[in-house]
Amino acid sequence: MFEAKGRVEIFKRIVEVISVIVSEVKYSIKEDGLHIKAVDPAHVAMVELNISPKAFGEYSASDTELGIDLDKLDSIIKLGKGNDEAEMVYDESSERLVVKIGNLVRRMTLLDVASMPDLKIPNLQFPARIELLSDDLLLGVRAAQSVGDYVVLTADSESFELSAGTQEEINQKLSKDQLSLLECKGKARSLFSLDYLSSLAKGMRSGEKLTLLLGNDYPVRIEFDILEGNGSVAYLLAPRTEIE
Amino acid sequence: MFEAKGRVEIFKRIVEVISVIVSEVKYSIKEDGLHIKAVDPAHVAMVELNISPKAFGEYSASDTELGIDLDKLDSIIKLGKGNDEAEMVYDESSERLVVKIGNLVRRMTLLDVASMPDLKIPNLQFPARIELLSDDLLLGVRAAQSVGDYVVLTADSESFELSAGTQEEINQKLSKDQLSLLECKGKARSLFSLDYLSSLAKGMRSGEKLTLLLGNDYPVRIEFDILEGNGSVAYLLAPRTEIE
Amino acid sequence: MFEAKGRVEIFKRIVEVISVIVSEVKYSIKEDGLHIKAVDPAHVAMVELNISPKAFGEYSASDTELGIDLDKLDSIIKLGKGNDEAEMVYDESSERLVVKIGNLVRRMTLLDVASMPDLKIPNLQFPARIELLSDDLLLGVRAAQSVGDYVVLTADSESFELSAGTQEEINQKLSKDQLSLLECKGKARSLFSLDYLSSLAKGMRSGEKLTLLLGNDYPVRIEFDILEGNGSVAYLLAPRTEIE
């Protein structure tokens, strides 16, 4: 059983955050909220999303798993404006997800969740923790696109650095006092695919506070809150092996 | 003889309304205004447009027929801003349409009107009459685009409904109290090509009051006023035969 | 030696003005400012740009020649907003141009200036001098695009005129009192490639005061100031021979 009501913006933001990783996903719906875990087809990037019932105006649910085609869901949600009221109901008898926006009703078929196993997000320990504004990361990622295919993220006790390119080079250095938080034991340095990082960046919006967790030749975990703190997102991106 | 002056917006809106149906058209100009009737090449959609001399700042005309290439006319009109003053004069000696916008003068060749016979718009009786805001129709049409190629319009004494799709389904129901007017004897239901209906929708703007005239397996007629009530538009769209 | 600081807008406008002619260019940097001369690969259009040190917040330079790939420079500059602070420094040891925007640092390789000979802009005498607003020229050029490939510029003691097309025709006539200045001995008339003139138009912005220097079957020279008068641009465009 699943019924949720709220501003269109809520449903939109959820699709936005997930669709940078996958186009088909399982919505795991429980009394305590909506939970989504997904990994991209190449198993390089993962996302974990938890939305509290408080994000919605109304929410009532018992354990339900829905296989969602995100493009299809987006095609109806995007017709609403951010503050329009939307409603999402699972119709068990017809096995359809019913999405209402204003006077529009969309009845969507669902994907088979049997082929969507539960994903286990690895529980990692990170030597470095950096808090920064999304705008800084988005700027660095965009700048990197003009010089190469990889991005190096580095942190030590004094600064966090994003760099890319060798002959042509960009570098973005944020010192401790330009960051909300910088905790780093020793030095952390890992290299990532710019394509993947650019995709993840599309799931972020301007003005969001990010927490980056970093290690040595290790994945990066990027956490941020959405929907006025009623939703939490974590992206996990595997490192690339450095080619010298 | 034909001379008309007025805001660029007037000439622009006329092209906008007609060009969703045809790219070449006959402007029938009379003392009592500008009259255009056109049918698309496949004879599925028609438009009838009447513009009163009051729409213009200045207007003087005797019976004149001009064969207009709408793309060509649009290419000059779009250079003006909505409130710029424009002028359109038929130069009989050179057989050119002279369009002035600010300090620009465009002399346009005309098409041969001999190959543009007068069109007769059929005078139909419709069992249902619905008044609604263009925004509602535009929303329904856009939503339908994600589920299929056809749209079903239905009316009875209680509501008007737009629906599309079978497996994947959208439905937009407007009850009597959500409509400015609903008159329907019995039940009216017809199916239309979404492509055509989407084209017609491009001739409408947000905030326009539409009158829909509907029947059973019958054309739909969509009427609305433009240019502060000094112009009236009617689209007529043939139904599609339902394939079960 | 070269170091310059100032709003991103300054560096952006310089690239904008030059890149309509060439994609690779030599920045000739002197104590008295930045000087650029370039000709397009077909030797039809030239640009001369002089920027005073006053355009920048800070400027210090001794004779330096930098071979710049404008696309590459643009890819970093466009990441800044107009009023962001930018900095450009030539790092002699690494032979890199270092561009800083906020916390971003881009180190750019340079092109070999040995293959970029000094260009001599011909010193021409023009019988006609016209001062007009860029918006008028931009409008005429855009209108011409719907009728043909050539533009004729004409001036006499009474008016300046831009016209294009033969069968389909556009004409833009500015009389003496619609121009800031009109000086013309006899009659001046030259024909230009619309493609080239459209390109040059992209280097101009709305609201700029242009000086057009014109002759008979002769180049046109278009001069305007940028960066609050701290930069001056001159485009020189060769005429096309008229085909009757």
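Letters A, B and C mark the chains in the order given here, with residues in each chain numbered from 1 onward.
In this text, a contact is a pair of C-beta atoms (placed from the backbone, for glycine too) under 8 Å apart; a residue touches a chain by one contact, two chains touch by 3 or more.
Quick caveat: nothing in here was measured; it's all calculated off a predicted structure.
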Taking shared numbers over all numbers used, above half giving same and below half different, the chain A and chain B interface sides are different
Between chain B and chain C the C-alpha superposition rotation, given in steps of 5 degrees, amounts to 120
Between the Cα centroids of chain A and chain B the separation in whole angstrom comes to 45
Each of the following residues of chain C touches two or more other chains, namely none
The chain C residues in contact with chain A across the complex are 72, 75-76, 79, 96, 102-109
Given the complex, residues on chain B that touch chain A span 136, 139-140, 142-143, 145-147, 167-174, 178
